[in-house]
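Below, each structure is written out as structure tokens.
You will see two complexes here that share chain A, one where it goes with chain B and one where it goes with chain C.
And then the complex of A and B:
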């Protein structure tokens, strides 16, 4: 069904207004520079070259941040302890975006998945393996990082996440 | 020791997708005239200060408060602008409350105005600009721009709402039908409200489920519209309120609490809120506001609720997080009619944000409608007598909650 027929099927009581004068305009803004500290990312990026994951931990609340965080908002403390985390993770949440491909004009399903690594307290953006139907995923699904062949020291070294067998007892 | 504050009036402009007949100051003026009309004894000279707010980047007009000054009647009077994203209206209302409760000499009556004319500008650009700083740091960490752009794709807010919906649906074990039921509830209520935008008196659950997905699990028919509209509220002291109207509505508790933002987190480090539907900020804001108002059993003591829910899953989520229903029981309440107009706890009888969303004004329309329900002057008035009501707002960097608790009697414990 096209979007226009959609709008019609959900028709609402609409009022027509007399038009006032309209002038087109636009904001010509200069480019902006966003500053952020990346020093606290360096140890993690170094370890990624060895295909290992580390995260930093707050000494106040013991929360583990992956990717590392500059300051813990709960304690106002700089996390300074480095801990290893596993490359297994669980799906924290997911959604699917329906986007129009600019070249073909077809609507494509693009999954948007957030994963929480085992041993970390934060979740981050991730990709699932190409063959996985995102509608078959569920919250808490166990997955494992699939590393690229040559690690270069960036989050893109984890190409995607493969589903692994779920040994949890309470899954329906 | 603050002064007791009362709401004496609230007004709205007509809301529509394109108010092509008015410009921004004229739209603002419409709401103010509607608000002041309800208080005939009040002249413009009796208003001591003004608080106003919108999201300037959404319309492309910088410093709109200067453009609108004469249309608000604020010339040569204290004027303050508050802008906090989706909660702008809620923050403006709370700022209006603070002005009065502070007890400054000569400032007794304050007019709070919130508005948005989204048809004038590009809202998705405005939303993207707020998220861009966080997104670009993830880009430097090696996440390609393609997957980041998906978050921005359909506007930042729906991306987050879709995550909240997935989590909430798996937690409460509900289907899309339960979400569609909330939409039908809202749009049918909106049909009885003169200023609402999406008025659909005959909408059915099947019609909503017949629309395509915009962002799984949310369908096109479940999304809030983009509206043009304005809202105004009049705050004054206890003593003056009694001369101005029959039933003054006392503001007994306000709170504005932010928690760590879900999804993006801070500084590209992901979010420690691994469950986007946990909403600790909403729980904290309700704790604070209820304790100020002396409410111990929200479900028993609150008679009417207006919650800020652009998407149906949020309406269910907020009602639980604000302590009105037990966790995961809200969908059942929509099934058995508890939240209907003549139910035990009517919710969003104005149609809610799901039917009318002029972003800057939305969070103020919630307390405004909740106050009018107590006065008995609301457009879709509930049949039962409302003694205590709440108006909630959500926004900021998707993690800020504002809450206003109103009642027909003064109840502040710490006074």
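And then the complex of A and C:
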């Protein structure tokens, strides 16, 4: 190993640690304001009021982003076109989260999905309808946006996604 | 690239709740590395640390580590990613020609803060957080499911990685005791508590307390310190889109690019046959397979068929990997230390016979968004 003279033992570094004490503390910085530009996705929010979806498209690589992106990372330009996409989608992948209620101790099974809308190249994080059995979920499952009764032009206008009939034929 | 050598290292044993104060743990890692190499404080010319303000409970968290980390009145800086990124930073400081000895140290104590809850705040506050509860583990679930579906890999094949690494960890005295298990079976892994279906408890690299330190020196200086430095022959580094929905989670494009860059620099043409040992930072069992495939160590979807045991075709994570203990900020640095141990023939109990070339990786972000790969070579 080393050519230089070394200390015989490293024990001296450790010997004072008989025990440690922990002191409860917090590091709560009260609040934060997230600033973001709404101009770039205003057209999408306007369309949400009509319960319709649009995505933005990069003219450099033609990728269609939903949710819309401010910048295409691949081309480092702002996507400059708006295109219509459907409110039907597919489950791209999913995982089941187990959320423990701090008060009751009850554990809630919550499937988290990445959904890819028909016509879009990217996915968004979403939840499935509350009644869907998580065991019946699969990748590629066709789903449809469940709109809130009165769409207000916000992200929460899509409450969750309902499964729809899968008419795809299995390809062997 | 001018030759830069690893001339020493030291790592504090991993504990789930260490009986250490934060300062003492850093001191033990750094002082121990210097002592093992026979060096003194005055030999240090630059210090690069890797910690995180949140994990340390204070802002600009490298300020309080000046004394214990060896940074007193020397060039000092922090990177807030993985310890492996700090090694790249230290390497660049040496390559600047201004430094003779770089100390790189990293690590934290998750027994002091809720690690997985903290990672809830990694997603986009406007586009992702309002839509669902996604932390690192849920994202790991997305990734594992996407990988299984795309390549038809079974849960059992993924559980085998956890069995192998946790078995290997039993031979590593510095591994986390809770992670070590010589008698683990695939069934045990699949039947352990579900964290985020399909990911179970034993497939997750458990966050734990530890600090590790590494010493880098330019060639001339390195040969004055030791007869067998470990040479850094190549580094590659890349990252993918921030939004999970924009990525193909079944593969790792960033590791593919990192691998190509590092192999190119190191002159490695056939990684599968030229590399003797790989220490990969797998935050989840399935990530070891995805990363190995991205590096060309196996065909896509076929890494589970590779014999990656200590005496197998290509040893992957003989130390137990991150599944043998995952101290946030230190895990990637520990991979480099473990690879260096293999090349110096110092991996007692889990030594890969005749290891000459090794790779070690670090990562950060959800689903290994950002990957860094080091190619290392031992001295003859």
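Convention: the second predicted complex is superposed on the first by the 136 of 172 C-alpha atoms of A that agree within 3 Å, B and C clash if a C-alpha of one lies under 4 Å from a C-alpha of the other, contacts with A are read in each partner's own complex, and residues count from 1 in each chain.
Heads up, the rule we're going with is that a contact is a pair of C-beta atoms (placed from the backbone, for glycine too) under 8 Å apart; a residue touches a chain by one contact, two chains touch by 3 or more.
Just so it is clear, the model here is predicted, and its values are computed rather than measured.
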Which superposed partner A:114 touches (first chain B, second chain C, both, neither): both
Contacts of A:77 with chain B and chain C, given as first, second, both or neither: neither
Which of chain B and chain C A:36 touches, first, second, both or neither: both
Contacts of A:129 with chain B and chain C, given as first, second, both or neither: neither
Which of chain B and chain C A:164 touches, first, second, both or neither: neither
First (chain B), second (chain C), both or neither touched by A:97: both
Partner, of chain C and chain B, that touches more residues belonging to chain A: B
Chain B/chain C common contact set on chain A: 1, 3, 6, 10, 13-14, 17, 19-20, 22, 25, 27, 34, 36, 65, 67, 69, 73, 92-99, 110, 112, 114, 116, 122-125, 127, 134, 139, 155-156
Touching residues on chain A, where the partner in the complex is chain B: 1, 3, 6, 9-15, 17-20, 22, 25-27, 34, 36-38, 41, 45, 63, 65-70, 73, 92-99, 109-110, 112, 114, 116, 120-125, 127, 134-135, 138-139, 154-157
Residues of chain A that touch chain C when the two form their complex: 1-7, 10, 13-14, 16-17, 19-20, 22, 25, 27, 34, 36, 65, 67, 69, 73, 92-99, 110, 112, 114, 116, 122-127, 134, 139, 155-156
Touching residues on chain B, where the partner in the complex is chain A: 14, 16, 18-23, 60, 132-133, 136-138, 140-144, 147-148, 150-151, 153-154, 159, 162-163, 165-167, 170, 187, 191, 197-201, 203, 207-208, 210-217, 220-221, 260, 263, 265-272, 274-276
Sites on chain C touched by chain A in the complex: 7-8, 10, 18-21, 24, 27-28, 31-32, 35-39, 54, 57-58, 112, 123, 125-128, 130-134, 137-146, 149, 194-199, 224-228, 241-246, 249, 344, 346
